[in-house]
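Each of the next two complexes has subunit A plus one more chain, namely subunit B in the first and subunit C in the second.
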Partner chain A sequence: MVYSKRLDGRGFDELRPIEAKAGVIKNAEGSAYFRMGKTIAYAAVYGPREMFPKFKQDPKKGVIRCNYNMMPFSGAGERVRPGPSRRSKEISFVTDKALIPTVDLEDFPNAVVDVYIELPQTDAGSRCCGINAAAIALADAGIPMRDIVASVAVGQADNQILVDLTYEEEHLPEYTECESKDVADIPVAIIPSTGQISLLQMDGIIEKDALMKALHKAKEVISKISEVQKNALKEKYAAESIENNE
Partner chain B sequence: MDFETKKHIIECLEKDVRYDGRKKDEYREIEFKIGLIETAEGSAYVKCGNTEVIAGVKISVEKPFPDTPEDGILMVGAELLPLSNPKYESGPPDSVAIEVARVIDRGIRESKSIDTKSLCIVKGEKVWSISVDISPINDDGNLIDIGSMAAVAAILNAKFPKYENDKVDYKAKTDSLLPFNKIPVAATVLKLGNNFIIDPTELEQEAADSRLTVTITEDNKLCAIQKGGDGTLSIEDIDKMMSMAIGKSHEIRKHIKQ
Partner chain C sequence: MSILVKDKEVVVPGEALADDLGFIPGYGTYRFNNKLLASRLGLVNIEGKVIKTIPLAGKYLPKRNDVVIGRVIDILISGWRCDINSPYTAVLSSKETPEFIEKNDDLSRYFDLDDYVVAKITNVTSQNLIDLTVRDQGLRKLRGGRIISVNTHKVPRIIGKKGSMVTMIKQATNCRIIVGQNGWIYVDGEPQNENIAVLAINKIASESHLSGLTERIKEFLEKETGVKINLEDKGDYNGLQ
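Presenting the complex of A and B:
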């Protein structure tokens, strides 16, 4: 393989610089900012509140409803048309599924917890970044949870297993010389305490062995994301408790 | 809004008191961050009190409108993101969102601050198209004024991408700024009872009877007006509100220029 050094100089299983803040949107019950390299996500949680339209209410438990949206200027190429697309609807749907196993809404029948994810700037991995922000925002909102889901994309380009791919790496043969034209992008969300996977998608071409290797890599690095998420919450609530004591 | 809250807000205003301690013609503290979105050709973040917005500029090459074959295209859009306020819902923009976007768009367009003729590449075939989108992060009132500030600051910051062989190369930004020099400012004045206030919070906005948004060009002319709200205004009201808006516009323009 030719791809022996990553375009941005990272190690192959090194994440991009990550940054997280909790409680960034005043109007929301809970909120977060999450950055992975040049991909930025905001998440805001509103609810539990009564579900409308009514036919979507579940009399046994509350429902989580995620909404993923790219801001019109958030793509490196042409303007992204505002409003839902097939892509954004699917991502909203899989984000729901990624978060559901960790939240416990049995005490909120007929209610909805709305999670709005907005991306002002993207460079691949936007659904993962959105999930990371959303998980912090849910915890910040005080929604009963078993754990805080963390997410990262792994993949393969030029037969090399990569962690946290950039846009250029998702299209590697266009940017650098490659022996293999095959690229695979695998967004994964993991529940850190159990290692269970709640989101798994794949785009591209990869062999089973490589895929399994990539998944193990994801499991290895997820604790780093998880730590940043927890620190963001700790920082917010530490600052609040100091204010209250004063 | 319930009657008691509204009454209380107005009674306070009669005594020159606003809930956050400001004077009636005082703006909240304004903070600008310019060029923070790398994927946009130009961008600005504006925080005014608890209202926060991001505006981004995307530039493309399009076919001009048949009635203006030599003019480039300028479009300003705004979405009331449900992320920014619990009262907003997902879905196509409703009339409130459309009004915000249209009023900002009209102010910038009618100010003629942008020389659309110089955006022409090939007459009748290709012109530059400038799309400015405003995304609120947290809406605590006065979105029209603050969104307009962000939009103008983003346009001032925008640089053309490279254009070669009929293709826009978004990775290569040039050093040339947009042909935009004179800064239009939107200033909104609200009427609550017999009081006039500027830069309302969401609560004040909901208690207001009527609203007047005036966009003022750099040479102190008016280029767009919009009366909003369910109440009516007398000619004397309009006179007072316009003077207040024009007076405030100089201060806001200074902020944008920095």
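Presenting the complex of A and C:
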């Protein structure tokens, strides 16, 4: 039996409910909240500031340093061990690489922009959610950047191409009867104005045609995420004016 | 036909501002194919054919001849290292003081750790090494009063046209106020008046992107101090006093 209706009742090209807010952490230079369904990410940007340890300074341009962290009580019920793990280090690294093509830190030699991404609750797609939050937070911090990166996961389960997979869908054969045991989960980050891909990872097995189809789907839905991100930043300033007019 | 945004509208990075090659990209914008896009969060400013964005957020980037307020964070062999609320620290050389300092003199006699100084930036290198001086009128160590911090991009509104805004606050509250370009502001006066001045400054900072600011601040100050303000009385403003 082919996966004909999604477990949470969404359409196959439909995103989970998304929500974003800019400027949620007062102490940070810039910050953001981003929610995709049950996955929640907070990002805080500090800097540009002096880089320590000193040997990591780059005299040509500023450096961006991401830190992805799942909170102990996030995840599917099992306690997540705090501190850096192999997984979280890798995700910090790819987040960094996903954001670098857009930011322009030529004016900040020897400096670092720290991006802290914290996830209080996760249900698949946490790196995408983290990237979305981090991109808003960087813009909110007034960092010069070409565009706001948007990210979403696409994939295939039971021969059906899906957008924005949940945890259950990533492990679909454990939850429903499937014809095919192959599941693919592909997080993608896209620079909306150019359509360039700045993050592309894959977990699982997928055929070439299906992969290309899935990537096209990602490009289609990315504008919706981008819209939410841009509105979050604009709403911050609109909200400020309403507050002050009263 | 080709400008896609309104003047003074909030724009975000990557947002298209115009789709015509007839416009010139200014600060905070860039050209991509035949579009003009924003590269910073800010307000759009359209001046003839030039489109630029005025940033709303971000850290202070040092500029030559800016008057800033700095905090001494280290004493070097022949000078002081100062935090100027920017990604980079600045150095005030002992040769840049009004009085002559002997070679082996104890530098903490002049400026000690955690002292605040008003200083002027004399030089900024490509690697953002910053030199300061206190050898000019009004530049000195700050005693008493308090230092408050605001976003550096709000400073022009706090100073106002030819210093009109800050002069108004000074008149109303009888405080000494020094506004550093880096967003640090020194306020010194009677404790109650100091409070009013700080409230007024914070009000300007949070409402700076809305029109009718001067009127609102005037009303606020008149209400708080109970004294009528005469807006006409403006002197020349040099960033200090």
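Everything below uses one rule, namely that the second predicted complex is superposed on the first by the 239 of 246 C-alpha atoms of A that agree within 3 Å, B and C clash if a C-alpha of one lies under 4 Å from a C-alpha of the other, contacts with A are read in each partner's own complex, and residues count from 1 in each chain.
Simple rule for what comes next: contacts are C-beta pairs under 8 Å (C-beta built on N, C-alpha and C of every residue); 3 or more make two chains touch, one makes a residue touch a chain.
Every value quoted in this text rests on a predicted model; they were computed, and no experiment measured them.
Look at A:Y42: by the touch rule set out above, it reaches subunit B but stays clear of subunit C. Contact with subunit C, but none with subunit B, is seen for A:L233 once the two complexes are overlaid on the shared chain. When both complexes are overlaid on chain A, the residue A:A141 reaches subunit C alone and has no touch with subunit B. By the document's definition of touching, of the two partners only subunit B reaches A:S74; subunit C does not.
When the two structures are aligned on the shared chain, A:D114 is found in touch with subunit B, with no touch to subunit C. Applying the stated touch rule to the two superposed structures, the overlap between the subunit B and subunit C interfaces on subunit A comprises residues 49. Interface residues of subunit C facing subunit A in the complex, by the touch rule stated above, are 10, 12-16, 28, 30, 32, 35, 37, 39-42, 55-59, 61, 87-89, 126-128, 153, 206-207, 209-210. Of all residues in subunit A, only 29-30, 47-50, 59, 102, 104, 107-111, 139-148, 191-194, 226, 229-230, 233-234, 237-238, 240-241, 244-245 touch subunit C in the complex they form. Only residues 24-28, 38, 42-44, 46, 49, 67, 69, 71-79, 82-84, 114, 116-118, 120-123 of subunit A touch subunit B when the two sit together in their complex. By the touch rule above, subunit B contacts subunit A in their complex via residues 37-41, 43, 50, 54, 56-58, 60, 77, 79, 81-86, 90, 92, 131, 133, 135, 137-140, 168, 170-171.
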